[in-house]
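Letters A, B, C and D name the chains as they come in the text, with residue numbers starting at 1 for each one.
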Amino acid sequence: MAFDIGLAVLVLGVAIWTITARDTFAAVIGFVTFGLLLALVWVRLAAPDVALTEVAIGSGVTGGLLLGASIRLRRTETPAAREKPGATLRLAAAVLCTLVSAGLATTVLLLPEPAPTLAPQAAANIPATGLGNPVTAVLMAYRAIDTLLETVVLLLALIGMWSLAPDRVWGGFPGPRHHSDPEGVLTFVAQLLVPVGILVGIHIFWIGSVAPGGEFQGATILAAMWILAMMAGLVDAPPVSRRWLRLLLVAGPAVFFAIGLSGFAMAGAFLAYPAAYAKLLIVAIEVPVTLSIAATLALLVTGPPERARQR
Amino acid sequence: MSLALDALTVLAVSAGAFFFLAGTVGLLRFPDALSRLHTLTKADNLGLGLIVFGLLFQVEGPFAALKLIAVWLLTLLAGATVAQLIAHTARPGGSPV
Amino acid sequence: MLESSQRRAAVADFLLAAAGVVLATVAVGLVRILWGPGDDDRIMAAQLLGTSGIAVLLLLGQAMSVPAAVDVALILALLAAFVTVAFVKGAARSEADRA
Amino acid sequence: MSDAILYGLCGTVLVGLGLFGLIVHPQPLRKILAFNLIGGGVFLLFGAVARRGAAAGFGGDPVPQALVITGIVVAFSATALAVALLLRLFQETGQATLRSDG
């Protein structure tokens, strides 16, 4: 318990820093640390699947994205900070936020006893899927519709981002071109880390059926490795109008949806799996979904097209 | 036999935690930033190595042990490259990485 | 002579306590990050915090019998390098913006 | 007090802190950061509920845990889109401000 109190205090301390720091870059560093500490909290809360997601996406990839943005936007910070609202508004905001927190805290303290849980239903669903990890079973079977919609949300975000491109680079290469320096440290790091990272990503994805892990965590690592290879200049980002790229991006949701529809014929409901093939079908969904999510996440970090396709 | 292994674990993990503590004291006491970070990197990497060594006696199976060692090696590698990259960017007139 | 299960519990308690000690050093390291003064100091201190975080994860995983904590640590080690590269690249980009 | 309640309360404070930052910070990037803090707080509330719902031999209720995983990924896509909008604004105007009078 002493450990938990210390950890909770640290989490709050870093959060306060993230909000109050004068320098935005320092605040982003605070946020990355916040994610790291949250991952510890998730381990303490017996949620290792969430800890994996938090450290990969919540802290790692989001952190990298925000760090890059905060450095580029540094010059705009001082003028923008002058628009800070007056003391009255800040006080009112503080009162409002305290009230919100207090209200939420009351609900937490008044949570019903015994705690309601869907664990037995989720457990009852597991044998039908052939999966050993209850969280993956929930994501792929019990609440598969959420997961299907989530893959679509990711695609929508990417379409939104691409549509921010100026007309002259429409369909072009996303992000800047990074040049590799064969003698450089960065090339060395990338050549060493990328293969290791791809192995780790596949491992995390594959054990997801029986142990903590799964397609989102595995896909994030694969995405991070692709971005690393791009930043080191080992590979260039493909132009967003490439047909293979677009097929790769929609393959996951499309296969998911198709197998979901076939559930009507085979098991009588959308996204229902016939008992004999459940595990096979889930793997058939997971492989393209992982590849699609990895590509989508990587392109979301890379940004909208910036360079025209023909020069 | 396994009592001896547990004792080894306690010894190595204590030593590891001690290095983390010592590094932190160094963090607060050394005068300039560079020597501070330099010392701390070494202390932390050694501390993590000792903790990994101590945990090796507790895990089940060679795969779990291999993963522990992989974590340590990756941390060493990441730490070293970060120092290199930062030194590269901080150098005035240095080529952008 | 202690029973085997008692001894296992004692080792788990010890590992949790060790995790607490390393977590305390994280707290001190945080103060270092917050003080800065430079970006480089901050990013390096964050990197070191990652090392402590990895140590805490490994100790917690063993103490609580959550083997997946090692996977979390593995990803943390991988992505720490990724975040630093993003920082360095962002710095190069902001130079380019200015030019 | 159980560890679930402790972290749940921690989550409620995070929501308040994030909301405060969202309101008072004029810089859009700070608003995005604050928004992510709110997200972290809400996820912790889910984590507390999941931990309390430990049953059927699981350490926590897997349903809220799966929801949090979904939530983290969606929060990331929203953050990435917001950052892209902000960087585009910066490219167009050389500023990053939400002031409406220009």
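One rule holds for everything that comes next: contacts are C-beta pairs under 8 Å (C-beta built on N, C-alpha and C of every residue); 3 or more make two chains touch, one makes a residue touch a chain.
Because the structure is a prediction, the values reported are computed rather than measured.
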Which of A-C and A-D has more C-beta pairs touching across its chains: A-D
Maximum centroid distance from subunit D, chain identifier (CA atoms): B
Whole-Å gap separating subunit B and subunit D, where each centre is the average of the chain's CA atoms: 31
Rounded Å distance, subunit C centre to subunit D centre (Cα mean): 21
Length of the line joining the C-alpha centres of subunit A and subunit D, rounded to whole Å: 12
Sequence positions of subunit C contacting 2 or more other chains: 43, 50, 67, 71, 74, 78, 81, 85, 88-89, 91
Residue list for subunit B, restricted to those that touch at least two other chains: 74, 77, 81, 85, 88, 97
Set of all touching chain pairs, with the criterion as stated earlier: A-B, A-C, A-D, B-C
Complex contact set, residues of subunit C against subunit B: 4, 7, 11, 14-15, 18, 21-22, 25, 28-29, 32, 38, 40-41, 43-45, 47-48, 50-52, 54-55, 58-59, 62, 67, 70-71, 73-74, 77-78, 80-81, 84-85, 88-89, 91-92, 95
Residues of subunit A defined as touching subunit D within the complex: 1, 4-5, 8, 11-12, 15-16, 18-19, 24, 27-28, 31, 34-35, 38, 41-42, 44-47, 49-50, 53-54, 57-58, 61-62, 65-66, 69-70, 72-73, 76-77, 79-85, 89-90, 93-94, 96-98, 100-102, 104-105, 108-109, 111, 115-123, 134-135, 137-139, 142-143, 146-147, 150, 153-154, 157-158, 160-161, 164, 214, 216, 293, 297, 300-301, 303-304
Subunit A partner contacts - residues on subunit D that touch it in the complex: 3-21, 23-30, 32-34, 36-37, 40, 43-45, 47-70, 72-81, 83-88, 90, 94-97, 99
Residue ranges of subunit B in contact with subunit C within the complex: 2-3, 6, 9-10, 13-14, 16-17, 20-21, 23-24, 27-28, 33, 37, 40-41, 44-45, 47-48, 51-52, 55, 58-59, 64, 67-68, 70-71, 74-75, 77-79, 81-83, 85-86, 88-90, 96-97
Interfacial residue positions of subunit B with respect to subunit A in the complex: 74, 77, 81, 84-85, 88, 95, 97
